[in-house]
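So that we are looking at the same thing, I have put the structure below in structure tokens.
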Amino acid sequence: MTEPWLPSLTTATPEEGFALAVKLSRTAVKMAQPSEEIRTRLRSAYEDNADSLIAISHVVAANFQTVAAANDYWREA
Amino acid sequence: MTEPWLPSLTTATPEEGFALAVKLSRTAVKMAQPSEEIRTRLRSAYEDNADSLIAISHVVAANFQTVAAANDYWREA
Amino acid sequence: MTEPWLPSLTTATPEEGFALAVKLSRTAVKMAQPSEEIRTRLRSAYEDNADSLIAISHVVAANFQTVAAANDYWREA
Amino acid sequence: MTEPWLPSLTTATPEEGFALAVKLSRTAVKMAQPSEEIRTRLRSAYEDNADSLIAISHVVAANFQTVAAANDYWREA
Amino acid sequence: MTEPWLPSLTTATPEEGFALAVKLSRTAVKMAQPSEEIRTRLRSAYEDNADSLIAISHVVAANFQTVAAANDYWREA
Amino acid sequence: MTEPWLPSLTTATPEEGFALAVKLSRTAVKMAQPSEEIRTRLRSAYEDNADSLIAISHVVAANFQTVAAANDYWREA
């Protein structure tokens, strides 16, 4: 019934691939903390914390490794 | 006797692959802390901690790298 | 004289591969802290700490990447 | 309308590839904290913190893995 | 004049490969803190800290990924 | 005008490759904190901190993965 949130790892461009990496990172957080209310409250904490932002960037980097490999690094693009 | 909890790394879709990555991440926690009672108590702590949630997302990303590679990134899908 | 603790990275199933990843993670800890008495004492600390358990799961994920690649992801299984 | 910020992972040299890895790391931070004012304030904190700088270097390393692979490690260069 | 400390990434067995991963992890520490006296003092701190030991195991896992790949996972062994 | 600081990822030996991984790790720190004065001050802090040294070793491990792959693990050496 519901649309799949992750139909494919293929994206048209590196930029869309990076956005997908961000989405993967956020989805794992949502699965561990499904309450949008709590996540919104937590956001106001980490948004102001340099180390949290660096940690977020690290997670995105890990997911971007996967997405980029899946797209063969968009070499033909 | 017991069903294997990890019969294969192959999944039909990226979405199921991501769910498997979450399962792998949780299983490693279970192996280090087998008591469900303690894990439930700990959950109420990390669920409210942005840095813990980001760390969880990082573990899922690492496992998703493995699962995605195992499925050749679901390129044919 | 002593049996090798790591004769091979090859395992029959993904589940055994995951157990091997756990073993690799623990062995590195043992090499840094050989005293079983101290490790047992430390265990009572990290077992009750969500962030420690998440960190353990991250190490297992890293080692599972290696073991899974060594087994070509058990694709034939 | 806007120029893509990430048109390609291909760079002419390893050095440009490293700069791109830095850019990827920063862009993920920007996406999590879009306010330039807050980011500038946070910068004065992490710039003086050794552990934050080490963490930043780790994120760059993760992104450089991706960029270097995308360029086949500039082996022909 | 001095013997190279890292003549090759090739090892005869997985176990020697794991020992090499430990060596790589320690060498990076030595390069950042060359004083053996200080390292010995620090050791008494981290040896008693579960999170430090887990972090050490993570570094070893990262280096073991490299060594294992270099040896094609000792598949012929 | 200036010499490129990273002309190539290719090195003659594994040992030089490891030194390059250390250089990559330090360069990312320099880019985030260009002041040599501040970096020198911070060094006196992290040099005495076991967890910082372990974190540094982790960054070097990540960069060494890249450099080692770029050199095909110096298998012919």
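Per-chain numbering from 1; labels A, B, C, D, E and F assigned in written order.
We adopt the following convention: contacts are C-beta pairs under 8 Å (C-beta built on N, C-alpha and C of every residue); 3 or more make two chains touch, one makes a residue touch a chain.
In this text the structure is predicted, and so the values were computed from the model without any measurement.
In terms of the distance between Cα centroids, chain D is separated most widely from C.
Taking shared numbers over all numbers used, the chain C to chain E interface scores under half, which places it in the different class. Once the centre of each chain is set as its mean CA position, chain D and chain E turn out to be 27 Å apart. Averaged C-alpha coordinates put the centre of chain B at 31 Å from the centre of chain F.
Averaged C-alpha coordinates put the centre of chain A at 16 Å from the centre of chain D.
For chain F, the set of residues touching two or more other chains reads 46, 49, 51, 55-56, 58, 62, 65, 69. Taken together, the touching pairs link the chains into one ring where each has two partners.
Taking chain E first and chain F second, the full cyclic order of the chains is E, F, D, A, B, C. Residue ranges on chain D touching chain F, taken from their complex, read 13-15, 18, 22, 46-51, 53-58, 60-62, 64-65, 68-69, 73-75, 77. Contacts from chain E toward chain F in the complex involve residues 4-10, 24-29, 31-33, 38, 42-43, 45-46, 49, 51-52, 55-56, 58-59, 62-63, 65-66, 69-70.
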